[in-house]
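Please read through the structure below; I'll follow up with questions.
When the chains are written out, they are named A, B, C and D in that same order, and each has its own residue count from 1.
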Amino acid sequence: MSVGLVIVSHSEKIAVGVVELAAQMAPDVVIVAAGGTDDGDGVRIGTSFERVRAGIEEAMGDDGVVVLTDLGSAVMTAETVLEFLEPEVRAAVRLAEAAIVEGAVAAAVQSQGGAPLEEVLRAAEGAVVSL
Amino acid sequence: MSVGLVIVSHSEKIAVGVVELAAQMAPDVVIVAAGGTDDGDGVRIGTSFERVRAGIEEAMGDDGVVVLTDLGSAVMTAETVLEFLEPEVRAAVRLAEAAIVEGAVAAAVQSQGGAPLEEVLRAAEGAVVSL
Amino acid sequence: MAGSLDTAWALRWMRETARVIAVERAALIDLDRAIGDADHGENLDRGFTAVLGKLDTEDAPATPAAVLKLVAMTLMSTVGGAAGPLYGTAFLRAATSLGDAEEIEAAQLATMIAAARDGIVARGKAEPGDKTMVDAWTPAADAATTAAREGSTGAEVLAAAAEAARAGAVATEPLIARKGRASYLGERSIGHQDPGAVSSALILEAAVDAAGDGAP
Amino acid sequence: MAGSLDTAWALRWMRETARVIAVERAALIDLDRAIGDADHGENLDRGFTAVLGKLDTEDAPATPAAVLKLVAMTLMSTVGGAAGPLYGTAFLRAATSLGDAEEIEAAQLATMIAAARDGIVARGKAEPGDKTMVDAWTPAADAATTAAREGSTGAEVLAAAAEAARAGAVATEPLIARKGRASYLGERSIGHQDPGAVSSALILEAAVDAAGDGAP
């Protein structure tokens, strides 16, 4: 197993693109895109409580999940989802203060290498811009 | 006019998504996606000299262009393109050391507000992660 | 009883909010275009339209708290912008503050409005003066508390809150945004009312109108 | 003249490189899978296949520099990964160093290899020991300079460079990557040869083979 990642972006394309980019260097890590809204009639730019919730569920394995967000409203959506999680699930989730693309690649590589939750989080938050 | 932006990502989806996200708050700014490769048989993950070159050409107005990149090889591709520009064009281009998504939104808003090249660059480079 | 703040009132409040938001949709979009991403009216209209759908199809909620909780959950999952988690949290905290009361007294109403405000602050970490919806809810909560302490009726408490929220929204115009998207604009955010503060005033005004519309 | 390093040699060098890269495609991909994104073999194969296409269809370049310039431009626009701007810059600087010489002398060859190395360093800012292709090109340039100073023939200079490049590539195995994607791996990059250093050795070995294959 390894630490899962959830990529919460206002844009579905960004989220899916980040997953494809990060997966290149981390083929065994579960990385889930949670981008755009999901309100029945197409995807708008925005974030979706349900996509984030489902993303965390999908990415959750034995080693926990790091969530990466783009703008402030994505952070708020993610924090709201976190409040609804069961305490033992919540305890295994970290919300990264990280650049979403650069942080996701760095975190994915660490997770692929078997790093534990806090180290994967640290990799995301410390990601050098344009390495 | 306003400062143009070029979004150089390894993933075409990320580049297009960043353009749609940044354009929301900057409808009058020319923001060009230069994502993925472009080698005749489909788009792979990578960067394309030609897409970056054409992107700068398209985004260039009277006020210059800021280029944002994701990973290191995107930086190298962009720097190579810059070396081939005419000196007077080159002088109006800045390569931002910035988080690609967060920096693009911040830069786009500044450009929409009529900020000059160096200020748009500064906005990109100083973008607060997950504002 | 005219003006009694019960489940029927809570339902009228939400239906009236949905109506007003639909009417003000374009105006809210314009406000958000000036200092944001031009979607606040669309976001809220989508959210409250979904609320109407739930009210029309699901079992009628049995208490005011149940109404507000349903609204909270619906907004969280349909709005898509900052207003989703913010109003979602506000209505959820408001619902929790009411317990299983079937009718809301003036003091409880003031507590409810303060709980909503606290939810928004907890979620968004904005302070008064940051040019956000907090600048509508904070004076609203304060005015409601004062009115309740001075012995006003529930309807009067609501009216005081709505009036203060509107004044708070208007007063955001000269402020510099320090939270949310508008903060990207820095000084250029001056000269526009904050869209979320304006929609907050609309929501509290709808509560007043719903209280006035009570069956006799 | 056997072994003369002229335009025909430059053309043979590039064709031989394309052939070898195609053969080693999977091996280079495997190296890049271990410490990168598993595309170095694909990137280079695509680039040199495009080079072959140009050599087959465009007017034959008239000088060694023209061959290398065409290769540089083609790699830059077709490779897609770090190797594109890096080898592109290397071949461009190499071409520039040759001027319009029709035949390359030993000293000029050493200068050319050093120019290629300098181009890679200018583009990627890696230092020796960072576990990149610089670790193949730096010993190659040094060996070429020494050989030329000691009076070796052009073919001997090439052979010295190729041998040093291969040793340099092998010596990247115990290093920790400090530049490029592999640097994300930190200590986990230990124990694998750098893909770009290995492909660099292949390119210089192809130059040797092309020199040996000269028409009599």
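Assume contacts are C-beta pairs under 8 Å (C-beta built on N, C-alpha and C of every residue); 3 or more make two chains touch, one makes a residue touch a chain.
Which chain is which protein? Per UniProt: C, D = Dihydroxyacetone kinase subunit L.
None of these values were measured; they are calculated from a predicted model.
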Chain pair with the most contact pairs?
A-B
Please work out the Cα centroid separation of subunit B and subunit D, and write it as a whole number of Å.
30
With centres defined as the mean C-alpha position, give me the subunit A-subunit B separation in Å.
24
With chain centres defined as C-alpha means, what is the inter-centre distance between subunit C and subunit D in Å?
66
Express in whole angstrom the distance between the two chain centres, defined as the mean CA positions of subunit B and subunit C.
39
Using the touch definition from the top, which residues of subunit C touch two or more other chains?
37, 39, 181
Pull out every residue in subunit A that's touching 2 or more other chains.
24, 45, 71-72, 105, 131
Just spell out which pairs of chains touch, all of them.
A-B, A-C, A-D, B-C, B-D
Residue set of subunit A touching subunit B in the complex reads 9-18, 20-21, 24, 35, 45, 69-72, 74-75, 97-102, 105, 129-131
In their complex, what parts of subunit A are in touch with subunit D?
24-25, 105-106, 109-110, 113, 131
Residues on subunit D engaged by subunit A in the complex (per definition of touch):
36-39, 181, 183-185, 188
Which stretch or stretches of subunit B touch subunit D in the complex?
37, 39, 44-50, 71-73, 76-77, 79-80
Hey, which residues of subunit C end up touching subunit A in the complex?
37, 39, 43, 46, 50, 76-82, 84-86, 88-89, 123-124, 179-181
